[in-house]
Structure formats: structure tokens, C-alpha cells
Amino acid sequence: MLDKIGIAKRIAQEVQDGTYINLGIGIPTLVANFIPENINVVLQSENGLLGIGPFPEEEQVDADLINAGKQTVTTLPGSSLFSSSESFEMIRGGHVDLTILGAMEVSENGNIANWKIPGKMVKGMGGAMDLVASADNIIVAMQHCSRSGDSKLLKSCSLPITGLNCVKKVVTNMAVLDILPEGGFKLLERAPGVSVDEIKAATAGKLVVEGEIPEMKLD
Amino acid sequence: MINKEVSNADEAIHDIADNSTLMLGGFGLCGIPENCIAALVRKGTTGLTCISNNAGVDDFGIGLMLKTRQVKKMISSYVGENAEFERQLLTGELEVDLIPQGTLAERVRAGGAGIPAFFTPAGYGTEVAEGKEVRAFDGKMHLLESWLRADFALVKAWKGDKSGNLVFKGTARNFNPMMAMAGKITIAEVEELVEVGELDPNQVHTPGIYVQRIFQGEGYEKRIEQRTTRIK
Amino acid sequence: MLDKIGIAKRIAQEVQDGTYINLGIGIPTLVANFIPENINVVLQSENGLLGIGPFPEEEQVDADLINAGKQTVTTLPGSSLFSSSESFEMIRGGHVDLTILGAMEVSENGNIANWKIPGKMVKGMGGAMDLVASADNIIVAMQHCSRSGDSKLLKSCSLPITGLNCVKKVVTNMAVLDILPEGGFKLLERAPGVSVDEIKAATAGKLVVEGEIPEMKLD
Amino acid sequence: MINKEVSNADEAIHDIADNSTLMLGGFGLCGIPENCIAALVRKGTTGLTCISNNAGVDDFGIGLMLKTRQVKKMISSYVGENAEFERQLLTGELEVDLIPQGTLAERVRAGGAGIPAFFTPAGYGTEVAEGKEVRAFDGKMHLLESWLRADFALVKAWKGDKSGNLVFKGTARNFNPMMAMAGKITIAEVEELVEVGELDPNQVHTPGIYVQRIFQGEGYEKRIEQRTTRIK
């Protein structure tokens, strides 16, 4: 089983050179730490920054420079700043190459639920609905099962969805899976020490297993 | 030159009446019109509909106006950081319209730009689509969304000149430029008010045509929600 | 009868302090020269300039600074520059207070024709259709009659129209006229030496004449 | 940093194939991609659909490509200054779509911003409305207009850095920023190409995400159509 760091490391392997990426809050944010040095990417923050730099040193902290998680950040050489409408022009217009975000549930046809739990306080969708409706390439980072042990990879989402038919790949603490165009989670890799049977047992949606399933390679 | 300068926040907001619709710039607590919010609390205007990406925290930003029960309705994309907000929502004192952030930004921009409606893919197939016209373009489904406009827009800039030209700094720009366009009366508060001619015309973010009143604010707290740092 | 300068001078009297104005090519451009010094206005050029300054001195000429008529201009203190889409946000969004433009024909219900003559080369409408569809206050500057002596103030336009029900006021070489909400040209002022009967004879659309019609006052 | 630098205009446009749809920035001859146009004339690409506010003059700008019969169709708002253009139009060699300037600007912006269609009042009741959906908002009639996108966008900026960030100068900005957003491949030519880090992030007009290739142009003529001056 992977921990959060492991999930972030595995997703970092999916990142291609020369791309623009939007990282959601939580595990996705961690991915930035594991992108190899020879891979040049630019991180987009939907509150109006392209080229997110590292956290500032104490004396660099600037209240006017935050990311979408409201954390203080820095700019980098080549960064640019813009308004929220311009930011979503980039997102909605398909200019961001890859979106990595967390989820509560994913269905076998690529639906995602990550914004609302009925009966609980609703905080809002923020930019998630825009991101999932517009991105060509969406990777979900999440735990395979909930704390109570229920699968989060479902036939159909039980929670209110954030977007339809949009998730392309899921990386969990147990596995890497592609969402097939015709529906179904295609198992690509197992986490170290996790068997195909364990993944089968933990996946409520349709799982497609073909041939030998290799174990993930993480450094 | 058309002079838009007013002396302070109280003068700038003097005619905001009860039950007005306001837009307030900012993302979280970054780039919010601190002086105008403080003046609205002093004035005690009630029944306000506030269009703002967030709703502040318990003791800062729009949270200050929630505490005094001045807000009737929030139109926002994310409102998570406020216990008083949650309490008022659960007791039915407060109405909330939640809108995807990009749709919110574009609806405000459309209000300023004279575009009454546009199609966007965000929210198709979700609760957000309820009651909305759906149409396919190039095989992809989209929702028809309408413009948002307001009686007053309250925006915060870094620098401004007396004719209303504005320059923003960092990610404090966020919703401020679109809201400046979409207010019938737009009030800009700036950290530094300069003479006309001091800003480079090529580097103005918001042209003065959108701003009806401008003043230099004071005592900016610019509170940070998540102070994250690294060791040198 | 007024000459072009006279028409421009008379229109300049309509300009109010503290307003933003778009001036079309031709007579409207001349209006700028006759706005009193105590009236502060800002001129908008739809190619992306707010605050049009005077023509440059020879050594100031900058190919990157032109107006919508493609003439070299200057900026003023307080000017701002922006893209074409931002320029039409201002126009379409109703932020420009007054639009002054020329016309080939105006109808008694405020329709305007100024972009196309069937059978002649069509050059295009440029920004005229956006301006007339969006401006709350439109003043037309034109000759009362064509060179062949036909009235250009008509019951309905014979040429393809640029916009419907949009013109509020017409200033010609003979008269100042308001377009009435219920239709009709209401005669407000006569050009020096021009009689009401001459204006009646030169106006093909419905002319409304009530009481004494004063002569224009021009300095 | 993602490096977008190419060595010159010929390399930048090498894969523009016959029958491509191009967007070309500029208003009149102000802010046009002079180097890319010259390279297209050298390459001899034909059957082009050109989206550009104007069509150049007889011996400059897009006029150079009209002279060599490379253009099949123009999508523009005003095309008055070109005798060769008129000749080709009258003989049916050239197709022309005339679009109100603000609608053209907004359709291109929509193409870049992922808005497939929007309502605008421009053109209602005119020939432009033929075949278009009409709808009233607040009692005012509007037309539904669709986005425009292109295989390649050719834009001209004042300064740019190697990661594609652009800064424009004066009214040479015009259609360039929107077209940069709406090209599948956007090629930027700049008067001065600087190292990454030399442009102020707060003052970038077009973020590099929109630009796939950038080069420093040479020999800019920047021809003036109406040289109007005053005596000192």
C-alpha cells in the first residue's frame, strides 16, 4: 500500500516535459515535489498565477501572492499574473495540459464526485467543475477505499457529481487504473505488495484485468 | 481628465442603500476591499446580496458583515472558512448560491462586457445544470449561463490614479478587474493613489472608464490565511 | 447652411462634462476640436485607446499609436491601452456615454444606414454595428440631403441598415433634430438662415414642428 | 521553464499547410506579423483562410499574400484599402465574410476561452443577423454568435521572453492577444526577444501558455497609413 507521498511520486511519473499543469489541493499539490529536474513544467493556480514557485522564505512572504489553497507562494522567472476570468480562459479553453485532483468517488465511466456530501455543510465547488469539464487529461489521486472500507471506485457515483465522463486515470494507494472509453477500470499497475485479488476486492466498479499486472516502480 | 477621487471609504459608500447588490473583489482574503467593508459595517447597511468568490473568515473580510447580519444572500464559489456563515446558513438566515468559480468569473465579465448569456461546459450533468438550457457544440454538452451585474462593485487595487486607472499586484488581482467592469457604480480603493500621468498607459490593468469613485485606503491588514514558508 | 466645421461645432455643444465618447471618422472626428476647455471628456478609439491625444509633432510620430481612422495620434496623461476585445467590452457593456458618427441615411424611427451601398464595393462595417447596437446615446452628424438633393432623413432607410432604433439626435447642415420615441424627427433648431419650410422640404420622413424654432447659436 | 524559441520566421511557419485557417493580428498595418507574412509569401502556401480585422494594402501586410493568390477567404470587419482585394472579390477569386469588429474580437476571444457561443446585440435587424438565432434579454434583441478558432495564429508583440510571455506596445496590441489564445499553434514574432525572468510577471499581457513558438523578427517596416502631425 502506498502512503500519500507514494501516490504523489507515482503520479509524478505521468508528468510530461513541456506541459502546463493544474494541481488540486491535497495529494495533487505534493506531486510538484517529485517531478524530475529534467522535466520542465509550469504550474497554474486558478486564482491567477502561471509558474507557481516554492513557498517563500520567511522574509519573502507576500500577502498578495498566494495559490488556490490560499498558501503563500513565490513566482519564478517566466511567471505571469492575471485575473480570474483570464485564468479560466486558460482552463476552459483547453490550454492546461493536465489536471490532477482529489476525489471522493470515481465511477467506471469516468464521473467524479468531489464537492458535496448531502447532509453535511456544503462549502462549494470552487474551480473543480470548470477544471473537470474542460481538461483533456485528468488524473485523480485518492485512497482506493474510504475509512470505513467501502470502495471509492464505483459502478456509478453515489454522491452528487462534479463532472461527467472526464477522468482518464486514477492513482490510488493500491493501484494505477485507466478509465476505458467504453467504461471500466483497466488495471495497469499494483502498489508494492498488493495483489490483483486485493484490488479486485476493493473495487466496486467493473475492473478489467488483462495479462500480468506489474508492480509500480517508485524510487 | 475626469477626476474620480473621493476622500475616504465612508464618502465612497455613502449611497449604498439597504438591499443593494454588491460585488466584492478578492480571492480568500487576498485583494479584498478592506476599507469599504469596514465602512459598510460602520454604516450598518442591511439586506445585502454579495457577489464574491468567498465569504471571508469569522473576523475578517465579508465575515465582518455576516457577524452584523448585514448580508441576506451570498453568490460565491467557495465559502468554507467561516463558522458564523455556517450557523446562519443552517438556521436559514442566509441564502447561498454556489457557482463554479470559472462560471462566476465569466458571468461577471459578461455583465461588464454586455454579453447577456454564453455557453460553458462547466457543471453539465451536475446539480448546477438544473433548470438551465443545455446545448451540444462539437459533440460536447454546454450550459447557458447569464451575466451578473451589481448596483455597486467594491474593488481593491495596488495603485490607482485620480481618473480611475488601476494596477493590481500579484494574485490580489483575481476577481477585481471583472467586478470593476460589472458595477453600475464601481468604487476602487487603492494602496497608493497617484496623480494622473504617473501610470504607464501600456500597463494599466483596469482603464478608468470603469471606475466612478476612487480613494486611497488606509491601515491595510492584508491578512494571510495559510502562511507557508520554507527554510532558506 | 452649416459647413462641416459648423456641424462639428454644434455637436460639440451636446458634449457633457465627465463623459467618455467615441467619435467616428469624418465630421465626428472634428468635434474634438470644439469641445470647450472647461468640459473634461475622454475619447475612446475602438482599436484600443482611451484618452486620444492630439496628432503628434513630427518627431513624436509612432507607428504603434494610431486611432481607428489609422491616423497617428498621441496619448495623454491618464490614457490607457488595451486589446480589441477589451475595447468592445467597453462599447458593448454600455460604458461609453456618447457615440457620434456619420450616416448615409437615418429613418424617423432611429434606424441608421452607413455601411453598405448595394452594387458598390462593400468595405465592411468595422465597429459601427457594435457601436450603434450598444450605445445609449447616439448622435448622427451628416448632410441633410445627398449631392443629388434627395433627403437623407427618411420614413425608412432604403440602404441596408447598420442598426435599429438607435439614433437619438441628428445634426445636419440645416437643423438639429431629436428622434422621438414614438417615431418622427422633432425639429429643435434651424441652421443660421435656414427656414422651417426649407427644412420641411428637405425632410422625407415625418417632421414634427412645435412652436417657434430657434436658430442655432454658434460662436 | 519551457523554451519556445525558434530561429526565424521560416522555421516558425514551416508546417503551415495549404488550406489552413490562420489568424493574423493587427489593426490596419499596425501590429501585424510582418516577418511571418513575408515567410508565407516565400513558402507559397495557398488556399488560406485568413481571419484578420483588415486585409492590408496593395503592397503590404496581407495584401502581399493576396497579390500572390495565396488567400482563398478573408474573415474581417473592414477591407477597404486594397485594389487587388477588390479585383479578386469582384471576379469571385476571393471569398469574404464581413463581421462587426466587436463581434469578431469577441468570437476570437471566445475561441481561446472555450466559450462556443454567446449573445451580442451587434447586427440585430441587419444583414448580419440572417440565419442566426435571435433572443431577447431584458427586452433587447441579441444574436447568437459562435467562437472562431484557427490552425495557426500569427501574432506580433513588442517584447517577448523565450517561454512565450508577450508584452505589446500602444495600439499595436489590438487583436493580437485574443488571436494568441485562439490558435491551435500560436506563433509570436517580437521586436525584442529577452531571457526568461526579464519581464515583470505583473505586466505580461499574454501569458506564455498560449504561445507555442516565438522568435525575434527583423527589419520591421511598421508602415504608417495616415501620417497626421501637428506643428509644434
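Should a chain be cited, it is by its letter among A, B, C and D, assigned in written order, with residues numbered from 1 in that chain.
Everything that follows uses one rule, which is that contacts are C-beta pairs under 8 Å (C-beta built on N, C-alpha and C of every residue); 3 or more make two chains touch, one makes a residue touch a chain.
Predicted model, so just to flag it, every value in this text is computed and none were measured.
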item	value
Mutual neighbours - chains that touch chain B and chain C alike	D
Contact distance in steps, from chain A to chain C	2
Of A-D and C-D, pair with higher C-beta contact tally	C-D
Farthest-lying chain, centroid of Cα atoms versus that of chain C	A
Separation of chain B from chain D, taking each centre as the mean of its C-alpha atoms, in whole Å	33
Computed distance of Cα centres, chain B from chain A, in Å	29
Centroid distance [mean C-alpha coordinates] between chain D and chain A, Å	36
Multi-chain contact residues (two or more partners), chain A	81-82, 88, 91-92, 134
Numbers and ranges of chain D residues touching at least 2 other chains	106, 109, 113-115, 120-121, 168-170, 202
Contact pairs between chains, per stated definition	A-B, A-D, B-C, B-D, C-D
Interface residues, chain B side, partner chain D - complex	106, 110, 113-121, 135, 137-138, 140, 142, 146, 167-170, 202-203
Residue ranges of chain C touching chain B (in the complex, touch as defined)	18-20, 40-42, 44, 50-51, 75-82, 86, 88-96, 134
Chain B-facing residues of chain A, complex	45-49, 54-58, 61-73, 81-85, 87-88, 91-92, 111, 116, 121-130, 133-134, 160-164
Interface residues, chain B side, partner chain C - complex	1-3, 109, 111-115, 161, 163, 165, 181, 196-197, 201-202, 204, 207-210
Touch list for chain D against partner chain C, complex	27-31, 53, 76-80, 86, 89-90, 98, 100-106, 108-109, 120-128, 158, 168-178, 205, 222-232
